[in-house]
Every structure is written in structure tokens, then in C-alpha cells.
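Here's a structure for you.
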């Protein structure tokens, strides 16, 4: 069956033009004037854009014997509701666990996904088995490897492990990724804060000042440079980190920074809310920053020194957050955002003039597709590409509220924000998952996307 | 009649993939596997790329009662021979002359062009007539306005005129361009050098140190910022100028820098050649720089802080150069380069690993098309785009020599350089202008390209 | 007669230690413990510092047929009241007037000065006579030459004149100075604002955005670099200008920046006061800036990228300011500050921890003495130095008010500010000009200070 | 007995003037014209400067069961021969050893010193005892604490230890010091090089690229900033490290960089000498760099972003160096330089115009005295200061050769270099230790210098 999107304006990362889009067999079959098909979607007044790609989610992530509340079912449903048609999640091996084992565990979780997905593989320990497994993982289409410089005693790797892994990444033509915070200093600061009786959520922010992030970002860049590995820095939240990325890029190093929609639009004042639940729900790492840092992130998006807007979607319920009452270090780190990323970025970015529509597409979709080796299959409006599309109505408005969201948790960190610019239709490989505000997505429709190494971005 | 390019690998500014290209009616009709057409061009082992766009030429430019030797006929023929399928030339009104008059004069010259062309309009004086004419010129598809901060007493405008013109450019949704050298200081330095008996070609370089260029670039950027005009800086030749552009871009300003292929590959030692002719043939403004500045330009291309590689093709014969014997200020400024730009950049950039193939396409073609408002009609390998294409053979080699060139002048500043990477075919709107090294271009085939204002680059 | 300052702590630009100071014949005769002399000044609890040097004043400056209200009598009296023991004023030749003539006019005005003084010579036009006079002026001990890049049609010089003069400055071993604003753009912006009906004092600020200052600062630095002249940039008020100075200094260029106490402590909101008089009294060039720019200036003082805090004291009465009712371009530019510079900088700088006491001494006195060729005669607490000293009481407080000031004008731009840190005694060549709050200065006591060229700062 | 230095020109960090210097009781008693004393030293044609201070030496340093060859006797004799009148050595506690114990060991070694000396205390492990001892060490006048980020498994501390120690340094008003190289990466690279058969001295340089130094410098700065500790970075050898220091200083952070005379004048080509001994004798950490990095260091000295020139004098004989035949990681790290630092810096810095004489004094003496809390007792030519002086003859020349040196080792890394500018006299607290080229220094004359915390540099 064919579908045609008629009457809209196509917006890609570098073009804006009026044309119809014909979809057959889940792929874009034609782009041009006056196309026709069996099903017609009216895009009058709308922009037809590549569906969003969120390359940073943690669905059903194991934590303290339980799991983050949004799983591949509710998480990808939320994604589609907000115009995002693909997520890349993180497979996290336990210490000593083989990478292929971990991959199997993640494949087991993702069967219910409503949209396409892929994985990054985390390197949480080091050894010959990990070294060997990395090649096998790349063969299976997982070409990006995440490293944690924080979470000491858990996920964190040391600098010699980091350097060894980055060299392996280089040899395999893959991409290195890094969560950049100095775990040693964070641990020391956290212990001190607790010892001094600072146990509330605001102490989480005190324990992770911007210097720990700037330092670790610079360190990862230097080590990646020695290893010859391209580097993707997740959740860039502050000027210090952004400065290190800018400096590296200006020297011709292949480094990318990823601000989150949360850091772009929310600030540290959230942690001073007297309601423990309010503050704890916003606990994530890095924490929200002040407005000077926000300005730096927005400038980076328009200047091109920051490349991708993501969510780090890792949704814990209020009940789960309360594990940390009396000890902020036990509050599970993470917030939601999958459904809100694109409307929030459009509202605060495009509607305010900070970024152009083309930059919106680049930072929500195309850049991620290019960096992570799946362009133009994903991230493009082009003949032959997967028909992962969003038909964006710039006049559609709503007020964000947990009551109306797809996510399984009981709150939303953007509660009460008005957004203008929302999907009229979202298509996942041609299937109309969102139809004029109505969810028609199918559990299990999503498929794993194998990605290519040796990209030329 | 249809033409199909078969067996090649398409390389665009952001994609590399194997596909055939079908051309009908001078446009790209289809891209895909196993296409067929009436005429078949074998691209086996080759890259199919958008034809080059050189946005900086001076063909048949009036000078001291004569004209630069390469005109639209020989100049565009040279362009096609080297894989370039479009040029943008500069219409230069005389003092007091209306812009539309000047435009007519340039249209009269361009009738013999072998490939497509457009114009930039120079603002060489200021007044109400110029202000009014600017809107009419934009209506005719000329959406970029050039300003000279050098050539005092001739083309140079003062800062108040510059600011006024930049405001007008902003109002019209056009692009401001600038030749950035401090004309006051150059004039003073030149007079002093002559007074001290420094009359040879090397004094030309002494009279225009990098500071005069860095200063003027920074000044133009600041004034453009106040006026709200996007700014294109022609012939960026040194670190000081590049630094000003980098700094501006990092602040989110819309500024682009254009290194020339000459500055990327030749250096100041040329002026110390004891042969007056040798040195004088290389006299252009800005002059060639030292290797530190070259390194800065190459780094800028790969880091993205510099956007376009051009030629400033303005070819004077040795006889014309000799007007300046005994007084370097009378040596006509300019060199050739149209035929050599792409092979030289490929050889010294792609073959050495300094830039990728995609960056080659971006800087020789696509970026110029985007900046100057004609993308994706030009600068793209896309269905519906003009079939301005080059089929690039990375194994084809030659030694550059004036004896074998299309240009009408009697020398070549790249004489003796070996290049590897040359066109197998060059197509101008589907017409095969270069066929396996043989020139089949047609005088008069080229057409004027009207461009759009209000670009979103 | 001898004087001894007992019981205090000496604070210089690089030392803090307890010692007495013995003064004989107007010079420091001894420094050490337990000194005795005829007159004893009790410095218990106080800091003994070099008297302030304000290298930027305009006393009795000619303007529209009248003069700035504070002359050498009231101005230097105000200086001493605030701990400043020397000023450097600007001799301003009229167009065509010889430099020696202008110097005579300034010498005629300065006879009533209460404290020592010197002059900078302004280069307001260019010609052989100016070229020749410059050497004679240096011989008379005036070794710094000021250039205006603003005030088009009046004081402004063009870039070729600037370059010629800077070369002459280099040859004479003198210092180049510059008022850095792009006069062409200011004139154009001012005309446009008036044409649009913006006639009030706030339009003065609109007509001189930070870009015009940053641009001109960068230009002056580049031209000074080509001429080999050290450069002192007066009234650095914004980040753009500061950035240009930082960049130059980091490259080893001899460039200094001078923030004014007004720009450090007052901001642009002053111009939005609905009282015309309030706003007009604060009209000066450059205008006050926003808090981001203030932060940049304070950081520069502590980082050492900015060198001297001055006042640009040029006091016009409210009546004089009202020449500009209905046309902001006719409001005389200038504010007072001589009496308030040191207490304000101490209060907002030292008391807040932004700068150390030693940095206070460096930026109010010693750096100016070094740069302008009179160290350690001035700016030092050293045996043999002139006994220009201030005994500073860090506990002394007052509220600034025009009613209590020495200045002859009828208002004070710092009206209502509380300061903590004031002179207990101020000594001019050993004479106690301020004695515990009481003015004992002598009209005519001040003498001209000839300065040395070829400094090694 | 009194001594007078007559007929010379005093050069301090900020003054140049003709005067005699009278010395009584080991201190400067008077400065002025026509002084007289019992002993007269003729300084005609010479500069009288503060004696050099080398704040970075390792005399008789324990290593693999032996000691570095130059001890406090030969090392301080070499110092005086070259115009240096004070050294600061590093007390290095063994793992688990108390700081006071280590201090006793160092006091035992220093009894034979010819010139004054002090110590820095190294923090080589962390625990409550170290925490407690730090206060006692400060009470004894040792106010600077060194930390190694390299030498994994030996001296290296981890980031949490570093942060804890820096906080303690802050609380005690002391100075943090850091050897900045990423020890994890160095260890990994070294192992890999050995495994690949790269065992020679040149592999030492390969194992420590500039990135490992730049990274660690940036990390130490960030952590010091969080702890509020001023930071002194020893042996800054490359642009990456210098950039981190510049950036920090520009933000107002109290950070200083120390290039070594070796890195300023020797480059990496030394390691490619086919003579194993030649290369191994130059093995130190960081290794010598290329000329681009040298240029960066020289620019830093004149721009003020680098503060002190030291030697890291740690002299091993060729026999000791040969411990590392077949395994570069076993070559003892270190070179000499104490006798050559000042003549080499004068020759390559002052004589070439890169730095002024005043900057020479600042970087060889005064800055170290200020930073390390002993100014103006040391580092000054001032009444009351210790008479640690050098009378510098700018016309005196020699060729450096191991055969003529004071150092106990059998070679000199500057062998064959011609220097112009040498001591005529060197005085240690008034004692003439070097008299017109003749050594008259006294073993045991040197005394420990206790230093002050809470400096205001």
C-alpha cells in the first residue's frame, strides 16, 4: 500500500522546498509535485521533516534490583508521540559480563518497541574478552562504544582502560562515546557533603560542579586524540565542557557535543524547590546549570560547535526517586524527555529565532544519523530512505502535563510549559503511528537498525 | 536525449554511495542502480560529483584601458576543463555609474560563455541611486554585493559607506562581500616603499602584510554585525583574518571565509625569484603568505571555519604585467587558476588526507551554492538539479603546464606541479563539455543563473 | 623640615610590610622601623601607598566656546581629596595649530594646580609641522601621543595619518595612545537616530555599541604592530575591546588597556532614567555598558590583561549638558570622577575581593608611572622617590554626594554610593594636602613632570 | 665587614638604574651613589641583579638504591658558578613515611650546601597522618606541596587524593604544585612500546606526547579551582599545557607555569642521535619538544603567561643512565642545568630580544621569591634584603663544556653551546662565592630559608 504526504514543505538539514512525498514498502519512493497514493496525509501548512532520532536513552535500565520505569514499549510510544522515530539505547554489561551476553539481554527487552532502535555498547570493564567482543559487536552493527568517567566503583573506567578501549575503537572504525565527569572528585565531594549533613537533592548539584565535567571532557578529548578515535561527548551541559569541544574541533579533531533538551531549558533553581519530590525528580548527571551555561549551549547549536540534542531519557517514578530520601547519592539519576524533546526545542529554539528550521532537523535527527553510521537510511527525506517522517504543524499548541503523556511515570519535568509546534503525523517506516494527535502506533513494529563503521563525518 | 552515467560512486558534500545518474533535458532525472539512457558515460573507478562552482572570477575585467586576458569564452572553457561548471563574476560599476548600467555591460560580455554563470554586484561608490538600484539588482537575481576596503582612490569605500550599504544588504535579504585589506595603510606603505627605491614585485608583498588583512576582516565583521548582514570574506589568506572569522562564527555570526587555491599551495618565496616576470606574474592581493598561514588555511577547511575554495581568476598576460616594471604598484593584480583549482585541491588536500572527499565537494561547490542562493539547483547531485556534474578519475595524472592550458595567457603560476585526480567527463546542464580529456564544450552554451535572496544557510 | 609617617603598613604594587616613612625635601629619605622626624603623621591602622596617578583627565578643556568646568585648580584639589597626587592631562592642538603652541596654552592653564601633573599630546591633524614638532615635544618630557578614531570632522584622524604618526612615535621611543571608536560608523548611526526622532541622551548609547569600540581597538593594535609602536588604549569599556587587547598581549605585543572607574561601577541603565538631566550628566564616550561587560573589565584587572584604572575626568555642569536638549549629539561628553576613583575602586574592588591591595596600587598608580616613563620617581614608596603618598584608612566611610565634593560641578555620577576606605592623609611631594579629612592643599604647589621616552615596561 | 659593589647598573624585575650597593652583615645596607665599604667589587659595565633562585632541583635524590649524583655540595656550587644563589629542593616521603621524617632526611643532606635553600614537600600518599603533618610542615616554613600525576605505582596520586590534598593546601594558605602528565596513559603507552620492541631512549619521548601533559595540566587546574588552591605547574613544556595555564589565568585563577631552560633551548631531535648515551643523558619528563612548542614557551615568558624558568636539576651520571639499556623505562629521568640556566637564558632570551633584562630577573629570581613566600628577603635588590646578588657581565663569554663544570657528572646537555653573559661576582648573603670566575664558595655556608604562607601574589 502506498501513502502520499501532500501539500507540505519539506525541511531537511540543508534544504526547504515544497513537494509531496510518496511512500511505498516503508520507504520513500518519490518526492515531487502532485504525487498520488492510496492513503493521503494532508500536510497543508506543515513541514515534512525526517523523524527525530534520540541517540541517548536508557529504557528499562537495571537499577538496584529494579528497572527504569519507561521500557521499550512505553518509551518508544512516547518518542513517536513527540515526533521521534528512532532511539539508540545503551547496552550495559555487568562487571565481567561479555558484550554479546549484554547485547542478548537488551535484544530481549526491545521486542515491544513501537519504533526502530539501535544500541550503543558500554565498556564498563576491561580485559581480553572485552577486547575480542568489541569486533563481534561491530560486526552486528553496533559501532559506538560508551565509557563512563563517573560512577566510581560501578560503571567508571580508569584512564588506562579508557586509552586501551579508545585504541580498539580506532582500530575498528567505530565511535568512542563518553559520560564526562571526574568520578574521583564527585565521590570525594559527595562523601564530604553527606558527612556535613547535606543529604537533600540540592547536594547532588553541589557534588558535580561544572569543573568536574569540563575537566573530564578535556581529558577524554586528549586521550581520544592520542588513540585516533572520533569522540562523541554525551550530555554536554556547561561552558567548560563546550569550550573543550570547541577548541578540539577548531584544531580539526573529530569531536561532537550533545546538549540535552533539559539543560537547554531548565536551570539549577529547580533544585531549590522546597518540595523534595520536585527537586529529586530533576536529579540527573550532570545536574541542571545556570543561565550562563544555557546561553553557551544555545550558541553552540547555532555556531555548529554542538551537534545533537538528546534526552538521556531514563525515567524513574517518584516512588523510585524516594530511595534517596536522606541520602542524595541514592536518588536514581535520570529524567524523562522523549515525548517533549522536539516540541520544546522547536518552541524555545526555532520560535525564538535561536536556531533555524534546518538546524532543528540537523540537531534532532540528521547529525545523529551521520555520526552514528546510518545516513541516509535514517535522518533524511530522500528517495530510498526509510519513511521515518514527522509532519510538523507549527501552529499546533499544548501545555505539557504528566496526565496526558505516554510515558509511564507519574510526573514530567516540563510540567506546565506551553509548546507551539507539534506533530500532525508521525510515520515509522511508512506506518502512521501518530495521526492528528491520535496514537496508532503498534507495539513490536520497531526493528533493530544495524549501523556502519568507518563513517566519513 | 537522455544520458546515463554508469558504474561510478556518487560523492556529495555529505554522502558517498554507488549509483547511476540519469540525465534528461539538462537536469538529473533519476539516481539509482542499473539506470539506462541513450548516451552512456562510463564512470567505473570514478567519483560523480557536483561540478565545481567558482564564486570569484574577473573575466574580461577592465583595467587601464585594456581588459584581463581571459574573457568569458576562454575563462569558462578553462573552468570546464578543470571540472568547474559555473562561475560567479563581479560586475564593477565605474564611479557614478548606475548598477543596472554596469549589469548591462557585463551581460554583453558573457554571451560567449561555455558554462553557466552569475554575477556579484560591486558597490564602488555610494548615493541614493546606488541605494535604489540595489533592490532592482536583487530582483534580477543578483543577491550579493561586493565591497572593497582596499584600492584607495579607486574601488575603495569608507566605513560609513560600508555601514550604509551593509544595512541595505540586510534589508534586501542579500549577502555582503568584502575584499578585506586596509587601503589607507597599503597606500601609505606603498608610497614609502617606492620612495625608498623598492620598486620590484617583492615590494608588493611588503606593502600588504597580514595585519592589513586581519584588521580589515575584523572591521568588516563588526560592521556587518551592527548592520545585521551576513558576510562573505573573499580571498582569506592569513591566520589573522582566519582568526577573526573563527571568532565571529563561534559567536554565531553568519560569516564565511574563502581561501584561494593559490594561497593554499604557493608561498611568499615566489616573490624572491630573481626573474622579474616570474615574480610579477604572481602579484595579486592579498599576496602569497608563509607556510604558517598556509597551515592555518588548511586547518580551517577541515575544521569548517573556512567554507569555499576559489581562484580570484583574473589573468593578465606577461605583457600586461610589464606595465609595472619600475613601479610595483602598476603591476596588474591577479593570477589564473580556473582550470587548476580542483585538481590542485584534490592533490594537495584529498590525496594528502587533509580533507575528505565530501569536504572537497562542499568547499569547491555545495557551500558556494548554498551561500549564494542557488542550492540545490546547483551544487547538488539530486533529482531535479541541473546536470552540472564532474566525473572525477582519481587515478588520472598530469603535469600542469601553460602550453597545454585553455586559458589565453602565456604562463601558469602552477607550472610544473604534478596533479593526480582529474575530470574524465565534465557536464554542463547535461552537455558533455569534457569527454575523456577532449574539449567538446560549446561557446555560448552558458546561461545566466538568477539567485534567491533570504537564504537560510 | 622632615615629616615621618609612623605606625602604618606600606603597600606597594608588589609588597606589603610594616615600616615608617621619613620625608625630607619632598622626597622619601628613609623607610624602616622607628624613624623620627619633625612632623609626625599617625598611620596606625592605615596603609601607606603611592599616591594615585590619573593618566586621563581633561581639565579646563575647550568646548563650544566655553570650557569644561573643573580646571587645574578645582580638578587637582578634587584629586588630592581622593588620594590622587598626580594627573596627566591632554593638550589638544586645534586643526593646523603647532604642538608647541598647544603646549604653551596648556602650561598657561596649569599654574594653579594643587598637585603635580604632566601632559599627553594629541595628534589631531597631520603634516610636516606635526612630524617635526613631535620630536621637540618629546624633548620637553611629553612622551605619549593621543589619537582619536572617533569625533569625525573634529579630532578624528584617518588610518593613513594614524599609521604615519605611529611610525613617528616608534622612532621617538614614545607611547601611542588611542580613543578607539569607529567615528565613521558613529556619525552614520547618530544621523540615523536623529532622523528617526531619537534625540534624547539614551540615543547617545545606541549610537556607540560595543562593536564600534572593539573594531577600532583591534584596528589600532594592528596598525601599531606594523609601526612597532607600544599602544595604550584609553577607556576600555567592553569585552570586544578587552578581547582584542588580551589577544595582542598574549602574542607578546606591548598593549595596555585602561578601564574607567565609571565603567567598572555604573551601567547602561543610567541612560533610561526618565530625568533628562540624570541621563545627560552620564553621557560620555564610550557610554556605560551592561553587567557582562563590567564583569569582563573586573576580570581583566585581576588577570593583568587590563593595566590602569582612570577617570577621563571632564566635568561639565548641568547647564552645559543642557546644550544638548533636543539633540543628543550636542550634549558635551564627559563626567567627573577624580575625587571618587580610589574610594570607589577600593570599595568595589578590594573590599569585595575582586582585586588585592597590591593590585589596587598597581592599577591606580604604579602601572601608569611605569608605562608613562616616570617610575620610580612617581608611583613608588622607595627611598629617593617623590613623597607623593596616601595614608589610606580602610575603616573610614562616607556617602558620596555632590554637596560635599571639591569638584566645581553641581552633581556627582556616584551620588549616594557608600564607600569604605578613604585617605587619612594625602601628601604631595611631602606637603600634607589632606589632613584627616581637612583640605590643606596649596593652589600652585603642583609642578610639571617631564617624562622619559624608551621605557622598558 | 662591609662590601660595596661600585660602578654598576642595578637591574630588578621592574627597574634599571645606576647605583652602588653597600652590604653589611650579609644584608643590603644601602643603595645609592658613591657608597664606600671595606671591600670593593668593581661592577663597571655590569648589571647588579638579584641572585638567581631555582625553585626546582632534586639534589641527592634517592633512586633505585642509589642517589642522583649532584648533591647539596656539588649542586649548590654549580648554582653559584652560574649566578644562582638559592635552590628549592623536593623532600620526597616514601609511601607511608611521615612528612616530618622525610624533612629530617632532607635536612641531613643539606648541611654541606654552599648557598641558601628551602624545600617543597611532596605528597606521595594520602592519609590522616599526611593531613596532620601538613600543618606542622607549614609551621616549619615549608609552604608548598608537590603532587605527581605521573610515575604510576610510585609517586603518583589519584584524583581523589589530589583533591583532598589541594583542599588542605587551601586551608593552610599554602601553594599546590603539580608534575602534570597523565600517568595512566604514560604507563599504558610505555608497556605497548616495550612490547613492540621500542626499547631505546627515543621511545621515552614517544611515551609522553604533549597531550598527556596538556591533559594533566588542565585537570590539575580544574581540581585546584574547586579546592580554592593556588597552583604552580612545574616543567611546562608544550603549547597544550601553556594553553590551559593561559586560559586559567585569563579567568583570574591563580596559576603559574614554569618552563625549564632545557625545553626552551633544546628540542626532540636530541633523542634521534644514534649514540645511545647522548640520547639517554637527555631523558627527562616531560621530554624535549619540537620548535613550535619552544616558540610557545618563549612567547609565554614575554607575555607573562609563564612565570619562572627553572632546571629540574636531577643529575645522573652516564653510568646511572645505563641502568636503562634495553628498557627505556629504566633510564633514570633527569638532566643537569643549575650552572647553565642563567647564561643560557640570557644568551637565548635577552641577547636575542625575546625578553627584556627586567623580565630575565623576574623569571629567574623575583617571581619565584614572590610565589614561594620569601620576597623581598630573596629576589630583590632592596635595603634590608639578603645580599644574594649576581654582578652580571654582559660581555663575558664561554663555551659550555662538561670538563669545566662544577657539577659532579661526566657530561653536560648543553655541551658546545656558546654563551655570552656570565657572572663576574656571585654573592651569597654577602659572601663573595664567585670572584671574577674563581670559585670561593664555602661548603656549609648555605642556610635553610623558612617561607611564609598566605602570599598575596
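Letters A, B, C and D name the chains as they come in the text, with residue numbers starting at 1 for each one.
In this text, contacts are C-beta pairs under 8 Å (C-beta built on N, C-alpha and C of every residue); 3 or more make two chains touch, one makes a residue touch a chain.
Owing to the predicted nature of the structure, the values given are computational and were not obtained by experimental measurement.
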Given subunit A and subunit C, the chains that contact each of them: B, D
Separation of mean Cα positions, subunit D and subunit C [Å, integer]: 40
Chain centre separation (subunit A, subunit D; CA means) in Å: 49
Centroid spacing, where centroids are CA-atom means, of subunit B and subunit D in whole angstrom: 54
Touching two or more other chains - residues of subunit C: none
Pairs of chains, among all present, that meet the touch criterion: A-B, A-D, B-C, C-D
Contacting residues of subunit C [partner subunit D, same complex]: 14-16, 31-32, 246, 249-252, 299, 302-305, 356-358, 370, 375-376, 383-384, 456
Contact set on subunit C toward subunit B in their complex: 158-160, 163-164, 182, 184-185, 187-189, 209, 211-212, 214-215, 218-219, 222-223, 225-226, 240, 243, 247
